[in-house]
Structures are given as structure tokens and as C-alpha cells.
Amino acid sequence: MENKSVLVFGSGVSGVASALELANAGISVYLVEKEAVVGGHSASFCCKATDVCSRCSACVVLDKIKEAVAHPRIRVLTYSTIARLTGELGNFQVGIVKQPHHVDEQRCIACGVCTEVCPVNPKAIHPPSAEATPFSYVLDEGLCLRSKGEKCDVCRANCPTQAIEFALKPKEQELNVGAIIVATGFDVFDARMKGSLGYGRYSNVLTGLDLEQVFTREGRLRLGADGKEPRNIAFVQCVGSRDEGHGYCSQVCCKYAMKLAGLIKYQSPDTRVTIFYIDLQTAGKGFAQFYEKYKQSIRFVRGVPVEVLQTLPGELEVKFEDVSEGKVCRDTFDLVVLSVGISPGRNSWDLARILGINLTDEGFFDVRDSIGSNETNVDGVFVAGTCQGPKDIPGSISHGIAAASKAMQVLGQSASQRRGKQGSH
Amino acid sequence: MAKPFRETLKTKRFVVTAEVGPVKGSSVSKAIEHIELLKDKVDALNVTDNQSSVMRYPSLGVCLLIKEHGGEPILQVTCRDRNRLAIQADLLFACSRGVNNILCLTGDSIDVGDHKEAKQVFDLDSVQLIHLVHTMKSGKDMAGNELDGGIDFCIGTTGTPSADPLEPQLIKVEKKLKAGVDFIQTQAVYELDDLKRFVEFIRKRDRKVKILGGIVPVIGAKMAAYMNENVPGISIPQRIIDELSQAPKGTGIAKGIEIAARMIRQMKEEKVCDGVHIMFIGREEKVPEILGAAGLL
Amino acid sequence: MDRRIGVFLCNCGGAIKNIDFDIAAGKAAALPGVASVDLSSNLCLEEGREKMLSRIKEEHIEGVVVAACSPEFQEHIFRGVLKEAGLNEHLLAMANIREQCSWAHEGDVTEKAVELMEMAVRRARSLQPIEKKELPVNKEVLVVGGGFSAINVALQLSRIGLRTTLLQEEALLGIGAEESERFCCFDTDSMISAAEIDENIEILTSAQMTAVEGKVGDFRVVIRKGVEEIIRKYGAIVLAIGCQTRLASDFGPELRTGGGAIAGPNIVSQEQFCSMLVNPNLEKEPRTICLMFDFSDENSRFAAVATLNNALAAKKKWGSEIYVFYKNAKVDGQGMERLYREARNCGVVFVKTDASPRIAVENGRVGIEARDTFLGEDISLACDVLVAEELYLPGEGTGTLNLLLNVRRDSRGFLQDENVHLYPVGSERKGILFVGGCRGDSGIGSVLADISSVVMSVHELLSAGRIPVDVEKVRADPQKCVACLTCIRVCPHGAIHLTRTDNSKEVAGISDLACYACGICAAICPAKAIRFQGHRDEEIVTQLEAVGKALNGCHVAFCCERSAYPAADLAGRLRLHYPENLRIIRVPCAGQVDVFHILKAFEKGAAAVLVMGCEEGACHHITGNTRAKERVKYCDMLLKEIRVDGRRVAMFNLSPNAPHKFVGAVNEMIKTAKEPGR
Amino acid sequence: MIIAERKPMEEIKELVAPYKKVLVAGCGTCVTVCWAGGEKEVAILASQLRLARSAKGNGIVAIEATVERQCEREMVAEIKDKVAEADAVLSLACGSGVQTMAEMFEDKPVFPGVNTVFIGMPQGEGLWIEMCGGCGDCFLDRTGGVCPIVRCAKGLLNGPCGGTKRGGKCEIDPDKDCGWVLIYRRLEKQGRLDLMRNYYAPKNYRAVKRPGKIQAGKA
């Protein structure tokens, strides 16, 4: 029997795209995800539509996730990572370690009984974020009484579907697959590394990702406990891109910043928005119209701020060099958004070691042949999405589908080659 | 007594006609005022026929008034309001009362006027109307019956040099020429080049027909825009609208008159056409000012 | 027809506390047609499903109602149970008593839950089975174009055993392939010869497509080659016609001679510059070279790629003094920043300037003046060669092709609408795909990915040789069809054609293969001849009959299952509350909502009707939401002319991840609408 | 095909005001195709009437029926029971459908619910233009197959009036094509512009003697 199944590691949008394509082509897929939920970063992105769709593709991600988890040929393994790899193209043995977690996502029906009965406050067991898939409850070990040595058993005892389990150890299993697609995505650049920009020090310095989540949670730009809406906002581009440590453009920041800015202007037209930039990246299908529409109402300043300081409570002074004017300027804002870039995944190095694949100087997975392809130096191991280099959502999807296509093609070939070999014996 | 228009056309003079719009109502004093003012300053007075499909005192009525006051009338006849019976009857009447000039027109559509729900007739079109005049001249009506006394008119018709596209319009003009006309007066002209092209086209086909350039002064940028949108056959170039909008407030009329006079002078000096026809409906009293500014007094 | 309906209620582990399940079960049992009512606490788990299965068999249930969580999550699981029980899986109706009832409101919602169940029971009674079938498809693929992407698609398809025809207007394969060679190090020659010897690839050059009929799996294509007319059949069509370049209009006529060629040797196009670079017999190497990009078109990546590559190559080859003028460095592509840095490190001088430089030719040299944004100074220099800014535009045949194939173009004229649901390579018509430069200039990295995406899509469609379909899910009744062609004109997926019935009457034929079951046609058919199983008038009206019975006044929201419906679920999960008297009817697309359905809702007592679909520009069926908007406007007019004051109908656009927008829209509507007399 | 459009609601409401039970009768032929009186429009109008009347507390029973061709007695006969049930009939057919209905049910008031406007052709989705005036003296051979009688706002026979604007639009409506420009372009394309240069004498407007009646030759 040929082993026709494929393991996709990482369930961000490119991994999900790979898995779906393979499954639709009749190939069984293990979709392995190290986190509790499927979808990766982009699943929590907000819709940035104004009066029309701004083509951010966030909704496409949700569509794909929904389709993938319901697909009969896709098995989702959450909390799982690859620990070992042996074998070769057409016949890989992959050791998967499933981290202990306490709520069985197959059995949790999200009824909420556990949260209700949990004696601590804040609750140690709580629902996942609203858009999470699978929609399975999460036990926060740090808050749980059991971590303090108490013998609390209330949630487990009350769970109507016996989904909660405490005495868990990491589980290991071996999967036999024909090919592997690595789609482990990216890490968001840690804006604390740029200390002078104030992230982590000031509550009104946020990253673009934080802002996405504010919109996802609130539907509007409401900050803090009082839900205040900022009136004067600065976006700072290229935070963690195109600098000393990052010899690349993250490709997504200009567009998400402008789209978020557009959304803010649409919801509250009187809010002032300034974007500080080096080079505006306005290429790409469907973006020209958007840029045309908002380029008048958004203030663009060529020059990236060097420092953000709090002058009064809630007020931030941004020091920047206005390149067009040729002078150093200061301006105050009540919210500064750092358009953080795409960094290679923290665990890429470990994974590269396990799988035997190469990394680029920048820390992304390296590919053979040409820019943007999917083949790694190991036959049968492919990469998809932002773990190979920065990409936007459509780019990640396309790259994911391409990886699936390549995996399918080599599986077909390796099978026929093996048949050929057997024939000659 | 005024010189018959047919005779005027035979001279080499630069011919000037002006339009008189009948009143809405039965009081004709205003019309008489205009007739008195203009009859000696122009070669003929041209009376509109329910112009812009707005119901008024009849063209024929004002023509008779002009005759009474010693002027030379041109009777405008459109095909919009009368079928072939009514038109023939009117022509007989006009002829019997010494109205000897006729301008044959299609007529504006009912939709632009003040009786939008009326049935529009168009039993004939302007080319057929010209043919009809010739038929009746020969002593027969359209049905071929003998007339006890025929008609004789100096026949004019219109053309639109600014029609877009122009070619179908030129074919129509050619048909009118073939049917036989003595003069053609054009719709309002604002681009001299349009007129030149138009005249050249006609001259290639008919050396004798007299061509009168149409002049409609515009007295403000807003009016110009309105006319462009709503008045059939008119297209005022942006250049002139700009010129008007730059005129100081309250000087719109003066500016309009200045532009019109400039146009007339150009037509005359460059011998673009044989004369002009000034249409300043509602402001007939200003026509002498234009004539003065154009050096035609 | 009296179908035995089994109602399965689930209290979700006992967690749904604001519904009295005993009362609800009792009321459900009393509904007409209901043969059994079962209460479960874990219907979605295996044990729950097994119990459901055995109850269906025991009670000889013929139609199933599940009153539980949202169908968004578990519908497919319950359909599976029906299938296992030997029932047609479409005889299932769900009442969303969790996300859109229990979680969405405070206080007891038993009455609403009962009403939702009644709606579902009524629907289940009128549903009809839909059969599944596999339809055969032609496995050959037509690839239009002969450049890099076209040849690559053909080669990859051949590798998975699919035969292709490469159709190119030019006489030689590979024209346009140099384009990619210029930027990258692909070996295009070997690629072309591989295609030429590949027995799965047929090459038709100097030929063009003149007519296309049919649908996915069965396209009939007329090809003209010289005087010859060839008729061929294909299962799918891939468009890979690339893009074309033109000099930016700033290069005014004084600098150009006829046909867009450049005057003199001083100002050249990128292509001419490339041939200078590879010309071994170049008379004189230019000492000073200027290049420029990003002035006339700020949305192009190809222009940046070409400029940087050529600048670098010239620097390396000739060591010339090189200046690149640009507004924004377009580096958002793979390897672009690295290329940009390399060029800078090699000594290429980059001059950032906000306005297009002024250019003049004098004494055989080209003078350039611009204001350097960084220095804040005007600079002026003269060079031997200026490489003119180029624009990347849709390929020549684009306009003809999109009409021929009935597919849309984007706002810049490239193929493929800007709807994100079509990305990366899809069109609104199944079996017609786009790849490469004809989609827009996206950069070489993504072109490669798109090529593989196309191969995958074609494989999924055709490799099996047959496609499973729902048989006649949407069907025009030939007895009622008056062949008015309305549906053919409105179908966004090109799935409807005139066909002849057995007795040779011409009627609308809806292809099961090409149909996406959006219902846009059914909603517009003036003869009411189109039946959309699951969303027929009967099925909708019968639900409306149950609306608002138990409550004082109600409002109806027709929610697109792609956007508003999941948004409502999310609102429930977030416990965002909205008035209890909202009734949601799930529709496949806002475009499926018929004016008549809206009026019916008012007749049945609704004070407000909301039609909720995807954001404008993001409809899964391209025009469904804009049509819905038009229809709502029309409906509003219909209401105004009968002067039923207070009742309101409105259209809302939202995405599936916009629960706040959903709740905001509902609250706004309900606040302002009132039913007269109440 | 005959094109019609629904009458203004005010008018319809007034027509049926005195009646409790009204049959809204559609026709499955021309008026279905032009979205004026097919089954869908019948359903919409019936619904509107019910809503309008119930809001006034003066309920109405709107019965719905659509026959294949309302200008055929035999086909109309199929809904005679529904007619019998109703106090009045609101017909959404063209004028001949309404009259057929009225003739067959002489004791019933039959009202037109649509205005029959012209004989036309669809020019796109939901858009129809007038093509023929039924003048009884077809002129199309001389005009490249474009009818000047109805496609020229004035029905001129010898070329356009002076109102052609904006690249060939009619003086009365910038959205309508000048019929004579269409004729010009067609004839130009065919190299038959001479036809346009011909003089055409006044037309026989009495080719059809009202009331029109024709008898087909016996086969």
C-alpha cells in the first residue's frame, strides 16, 4: 500500500489552504497545530471593510478554516508538534507529541458549565475567543487551584460530556505519511525590542496586531476600560522590517496600516490619522482604488519616528525626521500604532534541525530552485506560507495551494517510480 | 415699405435678420414695440412657431402685424403641431395676405415644451415640407388637386453645424438643398470653424443658396450650462463658458453681447457666410445693441 | 404530503438555562407532522448521534429537525446521521436555539425557541430530497498564452497526466517568456523544448480562440488558425496571456516617434536596454545611465523588479554611473529589499523624488532635473542613456477574452475581478482560471505559486474524470419557463444556457456542474419557474407563517450564510444582545432574497425586514449583494407607494467576523421600525 | 414582443377600492418576459394590495392566477373558477389580454393593472427599447433595419432633426440614441448611404384602418 497521506504542520491560513486542497484532491491530511485552535494569526484579524470590502481577506481565512475542520479527509491535531522525523519521500515516519491539555476538543460542547462552577476568580477555565475553531474551552493552569496543590475537581465532575481530564502526560504518536508540508507561519516582531518607541511602556502605544484585535473584540476603536476612542492617531511603518536586523520588507504592513486607517476614517471621519513611512507599498491587485480613495484624508509623512515619549497622561509626543521637509519635527498623538513586521517563527530553528531543512540568513525556511517556490532541500518536505518569507493572506493561500500541488505531484511520481522499481526487480 | 426679402438676398449685402418671439396671450403691444424697434434695422423679422414647443400667439399672426407695421416677415412653419391639411391651409392664408417668406423647420420635440402631454404630429418632416411648398407653387395640393390660386414663397430652412455627429445632419441638409431652398439659417454657432466647415459643405453643392449664421447670445455661465443641457441643437464650448464666468457680476448681458458681436464681426470680415440671424428671444430690445457693437447699424 | 418529523432537542449539557426544555418539547410534540420529540444533552457527540440514529429508525422518521447549536458548526454531522439512517441528507432543518437564541438574549427565551422550532418543523415538512450523482468531464485543458506561466502550467499538468493544448496568437512559443528571464534565472529555452517534446502537450501557434460555449467539464471552443476553423472540447480553460508594457505617458510625443518607439538611441525602453546589455557588439558602453519607476503608476511591482535588475546588471557589466529616480521603492516582494540593497551597495545612486523628473534631450545627451527629497535640493544631470519608465498594462487580447468567456476584469483592466473569494487564480465561472501577468503585475514569486495553484485547481476538477453534483438542486421548470433569458443574463457563474427540451421548446437549462446554488436566478425569474431546493417559495413562506406568533411583533432578517449568519452566531458567542423578536432566515446569498419573500414577511406581521449580505465587493457570488441592495431599494419603493408607514426594509453589508456590526444593524432597524396598529 | 409596465399604485388602489375579493391575473407571455405581469409580479402586487388594505383595516382577498396567454379565450377559460370567486379582476396582461378577459366575463369588472407601452426588444437585463410602432407600412428596408418611426423621437423620414448631441444622442434624452444616427451608422457600415440620401415622400399613415382587422389567407 502506498502511503498517500500528507502531514501539514501549522494550521494558519497557508496550512489550512494546503490541507484543503489535498483533501479535495482525495488525499488524507493530518493538520497538526501546536496551539489550541486552528487558524494561526490571521484567524483573529478584523474585517477592514469601509463602505466596501477593502480586500483584507480576513473573512476568507474563516471560510477556509470552517471548511477544513468539517472536511472528512482532514484530521486536526491541536496542541501537537513534530518531535522526530525518519524515512523518506513517500514513506515518512513522523513522531508527534501532543502536549497535555485538559479539555478534550472532541468532546467539549462549549456548554460553559465548567466556567460556571469554577470556584476561582478570574475563572481558571473559560471559553476561547469567539471565533476560535475548534470552539473548545481552555483551562488556564496558572489560575487553577490544582496548581496550588488543592484537590479541586469541580469542573471535571460537572462536565456533562466528560471532556475534562487532569492527570495528563504528553502523548506521543507516530504518523506514517508520504509528504510533509511545513506551514508554521511567522512571529510578530516584538516591538519591545525598539524601546524608544514606547511599546510596553505606554498603554496607548499599540501594535497593528493589537489594533486588529481591538476591532475584532469591540467592532470599533475603543481603548481601555472606559472605551475611549482616540482622535489623533499615528501609524509607524517598518517596525521590524527593512532595518539592520531585517533585510526584507514584511509586505503586509503598509496595506494593513492603510486599511486600518481607512476603517478608522470611515467609522469616525473626524479622527486624524498620520502614517509615517519610508516607502509606500501600494502595489497589488485591488489596492490601487483603496489608496486613491484614502490618500487625501490620511496624512502621509515620509520619515520614520525615532522616539515616542509621553508628555501628558494619554498624550504621546512623536519625534521624527520629516524627510520631505528636511527637518526634525515633533507632533503629539493620543494613539501610536506600530506597524510591526513579520519575523521568522521562534521555533523555526528547532524544526529545521528535526526535519533537516535549511534556513535563510534571515531565519525563514529556505527553498530550492527559485524565489517563492515550495521545495526544501529534503525531498518530500515542502514549505508553505510565511515561514518561507513574508506574504499577505492571498499570497499565503496561493503558496499553500502550491505546496499542496507540489506534494501531490511528487506523491504521484514517487508512487509510480516505486511501482517501476518493483517491476524491474 | 421694406424690401422683399427675396430681393435683399439677391444683393451682395451682408444680410441681417432677427427673431421675434410671439407673446403668450392676446395682447400684442409688446410685439408691436419690438417690430417698431427692429423693422428698419434688419432685413427681415423671423417669427417663431410655438418655439421650444411652448404655446404662444401664432407665428402667422405676428407676421401679419409686421406687414401692417411696414416690416418684412419670415413665417416659421414647424411640422410638430399641424398635419398636412392644416399646414397647406395656413400656407394658402399666409400667401393671400402677402407673407412671402417661409422658414421650413422640423420643430422641437413636444417634450421640451409646456404641453408635454400633447400629441406631436410630425405628419411631415422639414424636407417633405419644402417639397410641399414647391408642389403648391405649381398649383396643386399634396393630394394632386388643382388649387384656385397657388402660392409663392421665398423658402428658407435650417441646419445645425454643431450637430454631433455631423455627417447625418449634412446628408439631411443636402436633401433640403436638393428640394430647393433660397436660404439656410443655421442653429446657434459658437465655433467659427464649425460654421466654416458647414458652409464649405453647402457651397460644394449649391453656390446660390444664401447662408445666414445663427447667433444666440448667452448671458451667463449658468445659462450656458442650462442651454447645453436643455436646448436642442445648441452646444456652447467650455471656452465661452469660462469667458462668461470670469465676467464681473452684473455684466453678464454686456459680456454676452460682446461675444455675439465679436462673432458677427468675424463672420462678416472673414466672409464666412452671407449674413446673420440673431435670436435673442425675450430680449429683443437688446438686438440693436448687438448690431451696434457688430458695426451693422 | 404528511411526512413524519422527528424533533431532536439538545440542551447542550444542560447549559442552556434560559429555555424550559420540557415546555419546549411539549409544544414541539403538538406541532403538526411531528412524530417524535427527543431531548438530548449531547447530540453532537457520538453517543448523542447514535441515539438520534436509532430513534430515526425506530420511529420511522422521514424528516429531521435538530434544535441545538448553530448549523454553521454541526450541520454536516447531523446530515451524516440522516445519511446513515438511509434518509436523504437534505431532509434536515435546524433551529439555532443556542447562538441565535439562548446566548443572544437575556431572560427566558422558551417562547422564541419554540417558534424557531416551529419554523424548522414547517421547513422540514416542505423540504425535498436532492440526489447526488457524478457527471463525466472532459479531461483536456486549454491553456491560452505561450509565455512563461502558460508553458509552466502545461508542463505541470502533463506531470499529473492531463493533456493540454497551448494556444498562442504569436507564431513562436515562448514570446513573453523573456520577460521572466530578465528578472530571474529561469532557463526558458529548456522549458520550451520540454514543452515541445511533451506528448501531453499540443502546441497551436498563430491561432486564436473565436468562440466558447458550454461549461466546466464540457467547453466547446472554436479556434481559428489561418483560414482553418478548429472545434475542440475541453474540461477547463486557463488564461495565461500575460501583460504588456507601454512607456509612461510622461515621455511625451516629442520624445517618441511613431508606434511608441523612442527617438534616438538616448531614451530606451527596458526591453531595449536589456538587449543592449546582452549585445556583445555594442558600439559604445554608456557611461552615465538613468532609470526611473513609480511615477506614472504607483501600483506596479514588475516595474520595480525590472528597474532594479537592469540597474544592477548594467553596473556590474559596464561599471557605469547609474542613477535611479523613483517615488517609493516597491520592495514588497520576495528578495526585493535584498536586490535594492545590493544595487545600492554596488554604487547605484537612488534619487527619491516626489514629482516626475523633467526630461530634455540636448546635444545627444538626456538632461534630467528633479528635486531630491532627501537632500531637499534640485539636482540636474545629463546621461547617455535614459531608460524610460514603463507601465504594465493588461495584455492586448484581454478585452476580447473577457467578453468571449464571460468573466470579469478588475478596475485596472486586468483579468479577474477584485473579489477576494476568487483569489488566487479563480474566476467566477468554474473551470476558467487565470494565471500570471494577466491577473495583474504581482511579482515573480507569486506567479510561481499561482501556476501551481492553477494546476491544483484543474486537478481537483478534472483528474477523476467526473465531478459529483447535486442533481437539479436549482432547476428551471420547462413548463413554466418562458425563455425570457433573465436568468442567463444575471447568473454570475455563467451556469445557465438556452437548451431545448425533448419537444424542442427552448428553455433555460441550469448546469449542475457549473451552478454554485446561490439562488440569484430564482429570486429574479419573472415566471417563478426556477426552483431552488431548500429555498423554494414554499419553504420560505411556511417559515414566515410561524414568525411572530408567540411574540408581540417581530422582525425578520434574511442572513447570508457566508456573512451575516455566522456574524450572528459570533454575536451570540460574545453574548452581544439584541431584541428577542428577531427571526433569522438563513439564505445562501443575499441575492437569493426575493422581493416577494420580503413582502410576505411584512404580510405575516414583520415590522422590519433586514437583508444582510457580504460586504460590497466581497460577495461569494459576485453580484448577489449588489442585486440584493437594488431589490431592497425597489421593495422600499413598493412599501412607500402603499404607504404602510413605520415598516422598514433595509440592506446591510457585513463580513462573517463582524458581530458588532450585525448587532448594531439589528438594533438600529428595530428601534426605528414599528408595525402599524401595534 | 409587447412591453408593458405596471400602473402607478395609487391608480391601482383606487380601481380595486370598492372590492373585497380581487383576482390578480397575470399573463405568461410577453408581460412575463418584460417583468410586468408574470407570476412574480402577480405575487408582488397581490402582496402589496393585501398589505395596503390591511394597514387601512379594510382587508382584501387577493387571489393570484397566471395563464399562459391572456389573449386566448381557451387559456383564460382555465381560470374561470377563480374569476367567479372574485368581485373584480385586475389584469396584468397587455391591452388585448385585458379585453379578452373583459369580453369573456362580461358581468365582472376587469381593470388593467399595467400600461401597455410598445413593441420592443430587450437591450440588457431589465431594459427594453421600442422597436416597432405597428404602422402597417414597414419602412425598414430603406433604413438599414432601424425603424425611424419609433426610434426617432419625431418619427422623421428624411434624416435627423438638428438636435443630435453628444456623439449621437437624442435631444430629448441624453440616455437615448438618435435613431437617425443609428441608421446612418448601419448604412455606412453596409456602404448603402445612398439610401439615406434618397428623398422619401410623406408616409401613408392610414395603412392600417382603425379598428384594425386582418384575415389571413386560407391555407
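Note that the chains are named A, B, C and D in the order they appear, and that numbering of residues resets to 1 at the start of each chain.
The rule is simple: a contact is a pair of C-beta atoms (placed from the backbone, for glycine too) under 8 Å apart; a residue touches a chain by one contact, two chains touch by 3 or more.
Just so you know, these numbers come straight off a predicted model, no measurement behind them.
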item	value
Most heavily contacting chain pair (counted by C-beta pairs in contact)	A-C
CA centroid of chain A to CA centroid of chain C, Å	23
Rounded Å distance, chain C centre to chain D centre (Cα mean)	39
Whole-Å gap separating chain A and chain D, where each centre is the average of the chain's CA atoms	60
Centre distance in Å when chain A and chain B are each reduced to the mean of their C-alpha atoms	77
Pairwise touch network: line, ring, star, complete, or other	line
Chains that touch, pairwise	A-C, B-D, C-D
Sites on chain D touched by chain C in the complex	8-10, 13, 28-29, 32-35, 38-41, 43-44, 47-52, 54-55, 122, 124-126
List of chain C residues in touch with chain D within their complex	480, 482, 484-486, 489-490, 525-528, 594-596, 599-600, 602-603, 638-639, 641-644, 676-677
Parts of chain D lying in touch with chain B, wherever the complex brings them together	153-168, 171-173, 178, 180-181, 183-184, 188, 193, 196-197, 199-202, 205
Chain B residues within the chain D interface of the complex	79-80, 84, 106-109, 111-112, 120, 122-128, 131, 142, 158-160, 163-165, 167-169, 171-172, 174-175, 178-179, 187, 232-233, 235
Of all residues in chain A, those that touch chain C in their complex	21, 24-26, 45-47, 49, 51-53, 55-60, 62-63, 66, 70, 107, 109-113, 116, 127, 130-131, 135, 159-161, 216, 218-220, 242, 247-249, 251, 254, 279-289, 291, 302, 323-326, 370-374, 389-390, 394-395, 397-399, 401-406, 408-409, 412-413
